[in-house]
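What follows is a pair of complexes built around chain A, which joins chain B in one and chain C in the other.
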Partner chain A sequence: MSTLLFRQVRAEWTKLRTVRRWMLTLLAAAVAMVVMTLLGAAGGSVQHAGGPGDVPPKGPDGKVVRDAFQFVHQEMNGDGTITAHLASLKSLVEDGAPRAKTEPWAKAGIMVKDGLEPGASYVALLSTVGHGVRLQNDFSHDKAVSASGAWLRLTRAGSRFTAYVSSDGTTWTKAGSVTVRGITANAQVGVFSTSPQHSEFERNIGSLGVTDVPAHGVGTFDNVTVTGGIPGKWTGTAVGHSPVFDIPGVGHPGSGGGGGGSSGVKDGSTIAAGMITVTGSGEIGPRPRGSDLVQQGLQGALFGLLVVVAVGSLSMTSEFRHGLVRTTFTALPRRGGVLVAKALVLGTTVFVLSAVALAVAFPLGQSKMRASGFRPPGFPKWGLSDPTALRAIIGSALLVALVAVLAMALGAVFRHSAAAIALVLVVVLVPQILAGALPLGAARFLLSVTPAAGFAVQQSEPHYSFTSDLCLPDDGCYPLSPWAGLAVPCLYVLGAMLLAWWLLRRRDA
Partner chain B sequence: MEIEVDGLRKQYGQVSALDGVSFTVRPGLVTGFVGPNGAGKSTTMRVILGLDAADGGRALVGGRPYRSLRDPLRAVGAMLDASAVHPGRRGRDHLLWIANAAGLPKRRLNEVLEQVGLAGGAGKRRVGGYSLGMRQRLGIAAALLGDPRILMLDEPVNGLDPEGIVWIRGLLRSLAAEGRAVLVSSHLMGELEDTADRLVVIGRGRIIADTSVPELLAAASGGRVALRTSAPADAMAVLSRAGGTVASVGTDALTVTGLGAEATVAALGASRVPFTEVSAHRATLEEAYMELTRDAAEFQAAPGGAA
Partner chain C sequence: MTRELHAEWTKLRTLSSTAWLLLATCALTVLVGALVTAGTRASDGPQDLPKLVLGGVQYGQATMVVLACLVVGAEYGSGTIGPTLVAMPRRLRVFAAKSVVVSGLACVVGVLGVVGSLLVGRVVLSSDGFDSFPLTDGSTLRAAAGTVLYLGLIALLSLGLATALRDSGVAIMVVLSVLYAVPVLTRLLSSDHWKWRLEKYAPMKAGLSVQATKNLAALPLSPWHGLGVLALYALACLCLGALLFRWRDA
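This part shows the complex of A and B:
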């Protein structure tokens, strides 16, 4: 059996490499990937607005983060528990009509944080205006733990933090727990509140207008108790509010929550008669997708993909066109095996070719982009040794190979290259074109269920759904995580292969 | 190893392509598979090779269905269509992928190229530039690659020059002499006259005759007498009265069936009808074939015309 597969693979490899036009086309695909990557990298330019003071904070994992909120805190040494009743949570959006709008990601809750520096490790149990109660830590970890619950409790035991939620303050339910090692024994605990800016956007074909309105979260707490701390003294601090940094490349310059706006709402806190009211603005979470240099540095993959689709479909349809398929099936009567061998040979060849082309093009493109201003500290420096960049390159090459195999399998279904090529281009390209025109929900759906979802693998940062950041196709944001995105074209290939296999067995050759 | 075809049926929509085709291809013999274009020769061959599925009946190669053979190319070498090659591939590479698929050593490439007369530069050229004759030879080379016990060639003479025709006849004879079973199809009986040991004649999806060449000729000649006379009308009247069936084949030529040469001469002599030549008719293979296939056509045409 294994020798049969070996023969099948060897025969298909001989077929592929002995048609000179196919090899030249594959080579052209590799060249297209390099050239288009370099052209794409030369496209943008950026000027640095500020100096080194604008360096955004880095989270415990070294990634840049946003960390701005109002914190009323005291010290807690070692293990302990903080309990608070969130009497009310309001979202104040500074818009013409007062109180007319709310920001669903306005939040307030309790927090244990390793000091007051922006970017310091933390665990927070918080309630949001529109997204329930959540347990978050270290900027990129989030878990929805409860739909509601006004009483919040967070217990520390070493590096283990356990969250409890209650609706009445007497019956507590364990809501979840996390292990966070970055918080030293000498931590700050307290209540906090914050709200990201409220964004409203208008999309038309080819244009996108985003309006950002400053917003505040107002949390009113009572029955705030801390055990294990030094009894007593609450201090209010605006964490992370000094340097404001813009997110270059994004259509909506954020003020980062610059401590109050024009309408008179001021961030701050009041402590009176057992009540703590905290008004804050900003966001706690990963840095939003700005210019994704990794994604921009792999634009050639799309062009290579367009070229290999032709070779992929022709490698199958030429067999039908010339009647060669009869010779093939006479030599190798197991048709499913022939199909698998073709897919293996084509997929591997295209993958290796694309991986090499992109690995060559990527560093060149990055240095080109650095030369036009996309450089540290405002932008990360990406190289081939970064696991994220490597994942994006390998993933892009896999995507190109998958699409080639998809074209081949559809070639077996239609037995006609024009039909196979057209369908592949429709399912891969059209979603990306339509995504700019359709309503956001439909666009995201399209980019999640069509093979175009595979381009998510090129993103250096996934889209985090637990922030107010929009995943806009216009910004090149694909809604799925990198590997989940790549799994979508995999499923399409699987489906097309099964259909092709069934038809090859069923039809006369 | 032999090919056994038993009761094959295949329907393309309303058209019955194969209507109970049965025959056997024996080792050591060249079996000619003849019939007009569209009679079902190629369909039968595709069914034998497991390429097309039959609606009924079975085709066995060495007692097994083709698709279950372990090393199919060592059992059967087939050429169905000489133009079934990728024009962008070199002739030698075309053979190479087949050799790889069958797990055959590379030296076979040179051996078969030499055997079909494509040794030298021809194998290194792309097939797109081949003449039909060269493609035919390449197709035969591919069929010979696995040194198979059975050869199956569909219209191999097509496109060959006279020298090539002589060559392929010799090749087919020598392959059979080596004990292989050879099935070779043609729509022209004459092509097979000196080559085939046995003939399977197919028309409209049915086997019309399965016989040896001498038997077929004898059957076709069937007691016919060719007659040349200056008084054809008188001769027809006399011979009909004597019990023969008479057909006019020219201004002064008749064919008499059912009497034999002796009785014909006697009847003509008794009635003093002058004649210049009486000879027992020796049918050519082509004539026998025409007659057979004409019958088949008439047989099939009647129900269709009535409907």
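This part shows the complex of A and C:
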């Protein structure tokens, strides 16, 4: 069996290798990837590259984060517990009609933080206006723990933090726990409140308008108790508000502007008679998706993909057209094996070619983008040695190879290159175009179930659903995580291969 | 010329794939338009309703491209181009006959698809809670007629390119890539200047601006100018195809 497969693979490799047109087309695909990557990287410009004075904060893992909120805090030495009753949580959107709009991600809650520097490690148990009670830590970790609950409690034991939620302050239910090692023994604990800007957007086919309105979160707490702290010494601090910064190149900055605004709402805190009222604005979370340099530096893959679709389908359909398939099946009668051998040869060849082409194009594109302003501190510097960039490159090459194999398998199904090419291009490209026209939910669905979902592997950062940022297809945001996204075209290839195998066995050649 | 027209019409009519592709074009246009409309809620904000309803043509055009490319590509693939040219040696006339038949069919299917989309779309819209739009309004009529012409022009563009390339598979790939890949690229381009330029002059974007009925001032090209840009592309492809068809060995 294995020697037969080996013979089939060798036969297919000889067929692919000796048709000069295909080899030239494959080389053209590689060249197209490099050229289109460079073209896509050229000509960009950044209006605001970020001077040395407003360096965005970096989280515990070294990534750029947003960290802006109003914090009323005291010091807690070692282990201890903070309990608070969130009497009310309001969202104030600064707009013409007062109280007409609310920001669902306005939040207030209790927090243990490693100092007051923006970007310091933290654990927070917070309530949001529209998304329930959540346990968050270190900017990129989030867990929805409860739908409601006004009493919040956070207990520290070493590096273990346990959250409890209660609706009446007497019966507590454990809501979850996390281990965070980055918080030192002298931590700041207290209550906080904040709200990202309220974004409204209007989508039409091909056009997108986003308006950001400043918003404030107002949390009113009572019965705030801390064990292990110094009693009664509350201090109010606006964490991360000066200097005000905007991360450059971001379409819809979610990071809060400074305190105060035209409508007279001021960020700050009041402490009176056991009541603590905190008004804050800003966002605590990962950096918003802006210009994804990795994704932008791999655009050539799309064009290489278009070219290899032709080679993939022709490698199968030309056998039918010229009657060569009868010779092939006479020499090697195991038809399933022929299909597998073709897939292996085509897939491997295309993968190696695209991986090499993209690995060559990526550093060139990055240096070009750096030259036009996409450089630190506002933007991360990507090189071939970064695991994320490497994953995106290998993933893109895999995606191109998968689509080539899909075209081949569909070529066996239709026995006609026109139909196979048209179908592959339609299922890979059209969802991406249609996604710009559909309502968000339908667009995300489309980009999760069609082979276009595979492009998620090119994103350097996944979309975090627990922030106010929108995953807009118009910005090139794909809803799935990188590898889950790549699994979708894999399933399509598997399905097409099975169908092709069944039809090849059943049909006359 | 009537002889050539008659021959081309017979060749196209007697292929079973023609009927299927035409049906698919019509069905996709109506169906996708209805789906997109059904997914939109009145609460999503004000919408350009005729454009929304007619959006299905973005899908339906794919099968039209396939048909137009096959009209000439299949003749080269199967070798019937030889007998065709022996029977009718005036090549430009053959090419003109092919163009007339294909664009005529595209327009007929376009009319069916557009009327179907508008009627189905109005039903869906009323169930979505939108106020319906008038059918005989000047801008709606322009969007409807423009969509029909758009489909015809896309068919001519594909025919011209397929004649130049002499292979239906490659021609389909090239046309669909130009139509669909350019908007995808535009999204990711880092330069706003180029983005804007591509949005203005890409064949699909420019041609479909004829569907706009609202906010015309914000368009990079006015509706008829946009369709004109597409017409120029189609004309260029037709000329290229005609020249090569005339001067090259078959």
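Couple of notes before you dig in:
Rule of thumb we're sticking to: the second predicted complex is superposed on the first by the 495 of 509 C-alpha atoms of A that agree within 3 Å, B and C clash if a C-alpha of one lies under 4 Å from a C-alpha of the other, contacts with A are read in each partner's own complex, and residues count from 1 in each chain.
By definition in this document, a residue touches a chain if its C-beta (ideal position, glycine included) is under 8 Å from a C-beta of that chain, and two chains touch if they have at least 3 such contacts.
Here the structure is a predicted model, which means the values were calculated and not measured.
Taken together in the superposed arrangement on chain A, chain B and chain C fit without clashing. Contacts of A:A41 after superposition on the shared chain: chain C is touched, whereas chain B is not. When the two complexes are overlaid on their common chain A, residue A:L27 makes contact with neither chain B nor chain C. In the superposition on chain A, A:L324 makes contact with chain B only, not with chain C. Of the two partner chains, chain C is the only one that A:L429 touches; chain B does not reach it.
Once chain A of one complex is fitted onto chain A of the other, the partner contacts of A:A11 are limited to chain B, with no touch recorded for chain C.
Contacts of A:T3 after superposition on the shared chain: chain B is touched, whereas chain C is not. One of chain B and chain C touches more residues of chain A, and that partner is C. Using C-alpha centres, the superposed arrangement gives chain A a vertex angle toward chain B and chain C of 50 degrees, stated as a multiple of 10. Our summary of the superposed model lists a minimum C-alpha distance of 13 Å between chain B and chain C.
Taken together, the chain B residues at the contact with chain A in this complex read 46, 49-53, 66-67, 69, 72-73, 76, 78, 80-81, 83-90, 93-94, 96-98, 100-103, 126, 142. On chain C, the positions that touch chain A within their shared complex are 32, 36, 39-41, 44-48, 51-52, 55, 58-59, 62-63, 65-66, 69-70, 73-74, 77, 168-170, 172-173, 176-177, 180-181, 183-185, 187-194, 199, 205, 208, 218. The part of chain A that touches chain C in the complex is made up of residues 36, 40-45, 202-207, 291, 295-296, 299, 302-303, 306-307, 309-310, 313-314, 317, 321, 369, 372, 374, 417-422, 425-426, 429-430, 432-434, 436-439, 441-442, 473-476.
Considering their complex, residues 3, 7-8, 10-12, 14-15, 18-22, 318, 322-324, 326-334, 508-509 of chain A touch chain B.
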